[in-house]
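Naming follows writing order (A, B, C and D), and every chain is counted from residue 1.
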Amino acid sequence: MKTFKLPVRVYYEDTDSGGVVYYANYLKFMERARTEWLRSLGYEQDVLREQRNLLFAVRSAALDFKRPARFNDLVDVFSEVTQIGGASVTFSQRVELRERAGLAVSPQALCVGEIKVVSLSAADFRPCPLPKDLVEEFTREH
Amino acid sequence: MKTFKLPVRVYYEDTDSGGVVYYANYLKFMERARTEWLRSLGYEQDVLREQRNLLFAVRSAALDFKRPARFNDLVDVFSEVTQIGGASVTFSQRVELRERAGLAVSPQALCVGEIKVVSLSAADFRPCPLPKDLVEEFTREH
Amino acid sequence: MKTFKLPVRVYYEDTDSGGVVYYANYLKFMERARTEWLRSLGYEQDVLREQRNLLFAVRSAALDFKRPARFNDLVDVFSEVTQIGGASVTFSQRVELRERAGLAVSPQALCVGEIKVVSLSAADFRPCPLPKDLVEEFTREH
Amino acid sequence: MKTFKLPVRVYYEDTDSGGVVYYANYLKFMERARTEWLRSLGYEQDVLREQRNLLFAVRSAALDFKRPARFNDLVDVFSEVTQIGGASVTFSQRVELRERAGLAVSPQALCVGEIKVVSLSAADFRPCPLPKDLVEEFTREH
């Protein structure tokens, strides 16, 4: 399966008084990347919810914080599907520094994580099987 | 009408890389104070929503940022109702520094704001009149 | 002065359990737009801080919440400089809905605001004059 | 080592449009609990930073999301030190539901996590040994 990349800019809202990106916010960056990956496959999550009663929720997250991103950095968020279960998808994700102070830098890993997402019925929040067309899209060799 | 006071502690999550509380977060502190004020009058907002189809939404906010709060500060958030309309309540709110570096300081205003909240039907998000018992509670001389 | 436009996507991180964008987050969207506008003029804020001892801080904000944005909406954030003082810049900003459920919609205003930003010395956080080259850029007819 | 408990109230700011607490925010709740635990032992983190050049940073986090907390819930956040290294402390943390809709409920686990925190020099952000008095406090049988 192909790796998806989303560039993310660091704003003041993302930082803390340690001078760096607040660690919990890497979860937001990673979610944005998963969302844009889904969109790139043709799936809008509000439409999935309205028309197909399908919702995704994060079931577990394990994050390793290696180096801090700073205010105004440009980072790349990489996502890759590593496992597909009956009602779950597991992602390996990585945030890399790309640009600092307006200048390109040699890429370095800032944060890596494994995120497990489950598919739920939007009506009652119970697990429901991943629809077949999604599984096919997720496993397609691009 | 009486002034309500809520102490709020500043955590890393509230700050930005300028070394101070991220300005948008004063809106969160002020909302916590309005919520605890409502609770002190006997109203739980999840109950209002479930049992009385009532929801509050912020319609406008005007904030003046005077001095910054910093990581680990203890601040007091003051709330006072200044106007009650048919389907709205306007609050005057003020955030004051109380304690820094573990020591009490002479109070100084950090942020002042005027927040207008409207009452909505939880079913369709349309404005609905403020229930009489709430108006009575809001205007009672304590 | 020209109006600057930044598209912003609404993610789960931006919403609240009312089902809409949490109102304080419009301040984040507006700040992203001011930041990208500055960048479009050639100014990186981390560089301004490091090399020119210059920092911007929000001094006041007045927001009017007209209609809610929802999860997965695409909105446009418009920024326009309306006033330039010796050590301040005032912006008129507007958030408009552009796309919902993957479909373009006729634009409608969601939130409008006036934001006043002051220039500070990064060393001591005291007000300092706006540098001339910035004032010239800000007032240039593009 | 004793378990420390911090009650935390869920506000709108903590929720997302799924109707529940946004998962990344459990990291904030857990950090608040670690901070208040440190304070209960007599350590203010702004003082540690200023006077002893000591900073804590999260090095890794693993979270398991079991059941969602909702708007207005009251939860308890439990923290326990499980390991102390030369320049690190590992915590086992758990968020439990305590009160919903203004009523006490039988406690149930919502989120559990293991958080590893490292001690850094505030001057250069390099790892530095945990001071002896802190290690003693952390390992004391209360």
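Here is the rule we use: contacts are C-beta pairs under 8 Å (C-beta built on N, C-alpha and C of every residue); 3 or more make two chains touch, one makes a residue touch a chain.
Values in this document were obtained by computation on a predicted structure and should not be read as measured data.
Note on interfaces A-C and A-B: more C-beta pairs are in contact across A-C. In this assembly, the chain whose C-alpha centre lies farthest from chain A is B. Centre-to-centre separation between chain A and chain B, using Cα means, comes to 33 Å. Our note on geometry: chain A versus chain C, Cα centroid distance of 25 Å, whole angstroms. Residue positions of chain B touching 2 or more other chains, listed in rising order: 12-13, 18, 24, 28, 70-71.
Interface of chain A with chain D (complex): residues 18, 23-25, 27-28, 55, 57-65, 68, 125. By the touch criterion stated above, chain B contacts chain A in their complex at residues 12-13, 15-20, 22, 24, 70-71. For chain D in complex with chain B, the residues that touch the partner chain are 9, 11-13, 28, 31-32, 35-36, 44-47, 50, 70-73, 100-102.
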